[in-house]
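Same chain, two partners: chain A is paired with chain B first, then with chain C.
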Partner chain A sequence: MKLRAKAALAALAVLVATPAAQAADPVKIGMVLPLTGPTAGYGKDGKLGADMAAAEINAAGGILDGREIELVYEDEKGAPQDGVAAVQKLMTRERVQAIIAGMNSSITLAESAITKNRILHVNPAAQADAITAQGSPWLFQINNTASTNATIFHTYLTEQMAPKAIAVMGENTEFNKAVLENLREIVGESSVELAEIATYDGATTDFTSIITRLKSTGADMIYVIDAYPARTAQIWKQIRQQGGFPMEAHAVGTVQRSAIVPAEGAMEGVITADIFIAEGATGDMARFIDRFTEQNGVAPNKVSLVVYEAVKVVAGAMDKAGSADDYALISDTLRGNVWTTPRGALSFDDNGRAKAPYFYIHKVTGEDVGLLDTFEVE
Partner chain B sequence: MTDITTGAPAGRARGGSASLKGAGLLALGIAAALAAGFGLGGDPFLLNLAGYTCGFAIFALSVNVMLGGLGEVPLGHCMFYGIGAYAPAMAMNHAGLPYEAGVAIGMVVAALIAAPIGWLTLHLTGAYFSIVSWGLSGVAMVTALNLDVTGGPLGLFGFSRLAVGPFDLSRPQTYFFVAAAILLAVLVVLYHVRGSRFGRAMEAIRQGPHLARSLGIDVFRERLKALVLSAPIAALAGALSLPYTQIVTPEVMSVLRTVDALLAALIGGVGLIFGPAVGAVIFTILPQFLDLDPNVKVLVFSLLIILVMVAAPGGLHQLWKAAAARLSHARKGDAP
Partner chain C sequence: MDLLIQTLINGLILGAGYALVAVGLTVIFGTLHIVNFAHGAFFALGAYATLLIERAGAPYLLAIPLAVLCVAAIGFALEATIVRRALYDQGEHGSIIVTFAISQAIVAAIILVVGPDPLPVPSPFGQTAVSVGGFFLSAQRIFIAAASVAVLAGFALWLRRSVKGQQILAVSQNARGALYSGINVPLIRSLSFLLGIAAAGLAGALMGPMISAFPTMGDANVIVAFTVVILGGLGSIGGAMLGALVIGLGNALFETYVSVSWTPALGWVLVILVLLLRPQGLMGRAQLDRH
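Here is the complex of A and B:
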């Protein structure tokens, strides 16, 4: 009888203890970032944003009745095969309940083939339209698509700045291809002439001959499409050495302090645009910037912001859906609600593409970008 | 010496024991593959990585046909790897052909392209050959970047069915077993090539092309044969990477891929038939178990490679041989 009573008590203890143990289990979110390799800077910025978001969520009591968020990081090293390995490792070994992965479009496409119909995947930064055009039901994107950003910026360049002729140079990548396609379309509808387009491969370091050729076309605007900070600085230094152009622009979302500072003043006055604003920010965005700067000792950038938003949105959707692994329900919750982020109210369309309310035109001023104009995204 | 050119009895006399040794190694390889395949049964991540490693080992073996076989550094071999990866992707996405058909097309195309390339470049040796072959791979990469049929910079993705006959390569265990079986088959082929008249001619050329020529070996022809043999093997490796990477981009033809394979061959030992395969395992799987900060991991792994290259320039098996020799000496010293 004694033994039976003990067994009954033990069973009762297990029954009572189990829900409590479950409640204490953290919700693991897999973070795939370039922590080494040529884009490691983006990974570092993103990690700061993610850590801040997780700390805020946990300090506010966690999600799903007190469960904390635990971020598990893997390095995608800037290569598709390493991105795939990172995602598989997080899904099968770490048993994470969501994946946040996406800086480079090709790598994100490879990763999305693994996550499709298997786990919630949020792409914070990669912009290629092809990523969300796949029709993957549990795939979402925080950043605007390349075509959305390019349409607004190119309209601004042709209508507001109104050059006679634009000379374009950019790395031969998918990002460049998509931006160029959009530029041709917008320019075709205006009176602006597309003087010449010069592309180069990723190993190029001397752009002198390209710049000389573009200057010889008589174009009054140079438009550079390049996403790599170190090369961006190098290009603008070489443009400045050759006397520059009357109007100068750089592709959307690619101008960060990591390019402006090493350019040593060569980017001064260059027009660009982004979904992120630092100078002149108000409301939630200003508060985000202050908190981030206070905690990390450096100001945030666009990458820190979109990764921060990705963690917040995933956690918020899980909490609202009441589940960490019912992906159909979480996805419906993501699409069916509006999410408050530093950028304002964020909503997702059927393809999982986020729509943020504002888009900012910037001008490089000193060691950062300054606000020139604000557009409401329709 | 005569057995190099004529296949003299001396070579055949060794053949019996060599065959036995080869059969033993094959049995060991099968046992290792089965143990790994079933042992890792519950870990899809490691199974997928092991499948990819088998493909990478095949690429290292193909590079080693030129490196260990002829003493040449084929920096442009990544081009054949890329052709092998693009062929099934294009066959599936553009022509609706099955994966296997694309793999076969890739291997044939790689061999057909290798012949004229070899004809043009194999008159060169040493650094000159390496640089020209690297240049050609650069041309291939730029071509892939600019063609619509290759998907341009974004590449090709969204493959319908990656399978070999009834074997679905999207299943990690199946992928590993298929890749391991193909790796073993390639090892068997290369083992027989090494023992053949062609293999002995290659060894003679590696040791001294002038001496080989004086023995009546057509050095250029044998070098060309080696390239044409290694190109479809590299293409096969590229095709086997698809189930893992799920995308093929122009970056697949980056010279860094060849450098990785060269390092794998050097670590494993270029003189051993299975050396590059051992090196590939160390190169791809070992870093996954180094539970360190990613930057520290790169540092530690790079230092390990330097250490191995300094301590055992002939490959890791040199350390094993040295240890075995020391043990044997110690035993003899202990004997009364």
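Here is the complex of A and C:
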């Protein structure tokens, strides 16, 4: 009797180990988001987008002949060392088949050093060009690069708004570096003067003296490069308290409601830009906004959108490639196809960079941004 | 000249804010020898308590004292259940670990209850700026500076003149001696902890409208407060006020005339210089002995 039971168990073990049984195992995707820390709002928004994408994929039957998508979340806490630890944990302990990580450029750069040549890594939001300039074959980016975004925005600032002199303040980060490099280039080709650049440390708690210094240059435009919502609100409150500037702008892709609401009206009229705007959305984008709003009770923002797209693109590429872990094949599939997203058709170049089809100039109005102008990205 | 005057005004007002954050740290260290890494979390609690009380219908000026009471109540609960049992007479190393853990727990609780997004803390002063002779002064900052000076002066007076204040100073100088003199040392320790926590809560309530309420809002402010108390002398209230003034003016002048990028390093350079030349800080031991 005991012998029979052992034989039955052995047969069961063989069954479990067969490919047919494995096919039902979920495909695990590691999600590294700032769930706590100063940018935790981005993590919350991104998680809503990721969960919605996974639910849609699983409801449609999953990928690779019925395997479900399982998202495994880790917190990067808004710090490079925590981002690296999160990626390492997902790769070694959770054995995920792909990593979606990238909200802040400096953190994404640190994370990409770990994922390079080891696992498929999709960066949904971080913009710095240096991330995809590393020549990492399995690294892809959903958002535009900082230089693509900045070129359109800085050209708009210098040609359409045409200030005499711009004063710039921004946090000392990889993102800021890329944006400033582009600004110097664009301003150099125009008659606009770059009056002063004040680069502050992330630990700075007060900006009054920086603003005083910038105002003393006589610049007629202030341009703030900062991606942290609470600090963005604080800076604009302090700019307003010192009388403001005739023209005011904030870096591309960093102005969300999470900064506008705590600014309590101090950001009213500030010009910014992004690859997404809810206002006037039609077609797939309008349907995405409706579904998202219905499920979550809040409208999506850019972060929700790009993380949603990242999950969809990863799952789609794995499904089309017929593998969850042949990263060379999945990467070739990603580069060799056009991917339908709410924003339209996305395709990746040799560096793994996608380009958004459209680019929108925003003006802060009330507690959100309004559409000022639309550009088609070349 | 106008730029210099505006910079000096900025520095003085900034220093007043720093003093308020730093004084709680220094009271707790001076009396209990606890390096309170949870100070930033109590600072954040002060801002959130103000916000929630305002949402319940109270005006800002009433919400401030109520928020301080709320933070003090939370501080009292933590003191009775954790700090008193784990830290008193246990040295400074344990205090770093325990208070850091308390800080993480408070931040996690805020995220769980209120969420991670920054929230505005309404104030009647709002974004109002007063222009005097061409110089801009934020109404909220003037209020913070005035409240800071009033509270710190009142606190210093209370320490010198009241029996309980004298007992706090006695315990901070020699706890065993104070015990032999009949002072209820456990009570004085609890009182000191509560005063330190209440000061953090008050700073959060006052500065919340300026920086918004978000879970980690205390982190950067408490780092500055540490430089202030080390510069002024750990445990010295007068030192904290002097240190805050030096750092506030130093930062403002350095940012305006030298380099914005290097300003955060300035505080630590001053701290190293003071520790090399005067290890007890600007007003460390001498101030305590004088009492």
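Just so we're on the same page, the second predicted complex is superposed on the first by the 358 of 378 C-alpha atoms of A that agree within 3 Å, B and C clash if a C-alpha of one lies under 4 Å from a C-alpha of the other, contacts with A are read in each partner's own complex, and residues count from 1 in each chain.
Here is the rule we use: a residue touches a chain if its C-beta (ideal position, glycine included) is under 8 Å from a C-beta of that chain, and two chains touch if they have at least 3 such contacts.
Nothing here was measured: the structure is a model prediction, and the numbers come from that model.
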item: Clash or fit, chain B versus chain C on superposed chain A; value: clash
item: Partner chain(s) touched by A:T212 [first = chain B, second = chain C, both, neither]; value: second
item: Touched partner set for A:M161, first chain B, second chain C, both or neither; value: neither
item: Contacts of A:Q238 with chain B and chain C, given as first, second, both or neither; value: second
item: Partner chain(s) touched by A:L371 [first = chain B, second = chain C, both, neither]; value: neither
item: Which superposed partner A:L329 touches (first chain B, second chain C, both, neither); value: neither
item: Dominant toucher of chain A (residue count), chain B or chain C; value: C
item: First (chain B), second (chain C), both or neither touched by A:Q88; value: first
item: Contacts of A:N172 with chain B and chain C, given as first, second, both or neither; value: both
item: Contact residues common to both interfaces of chain A (with chain B and with chain C); value: 35-36, 40, 172, 201
item: Residue ranges of chain C in contact with chain A within the complex; value: 3, 6-7, 10-11, 13-14, 17, 107-108, 111, 115-120, 122, 126-129, 131, 136, 138, 140-141, 210-217, 220-221, 223-224, 251-253, 255-256, 260-261, 263-264
item: Residues of chain A defined as touching chain C within the complex; value: 35-38, 40-41, 43-44, 169, 172, 198-206, 208-210, 212-213, 216, 229-230, 233-234, 237-238, 240-243, 258-259, 261-266
item: Complex interface listing, chain B residues touching chain A; value: 43-45, 48-49, 52, 141-142, 145-146, 152-155, 157-158, 241, 244-247, 249, 251, 288, 294-295, 297-298
item: Partner chain B, residues of chain A touching it in the complex; value: 35-36, 40, 75, 77, 79-81, 84-85, 88-89, 91-93, 105-106, 109-110, 113-114, 128, 130, 134, 172-177, 201
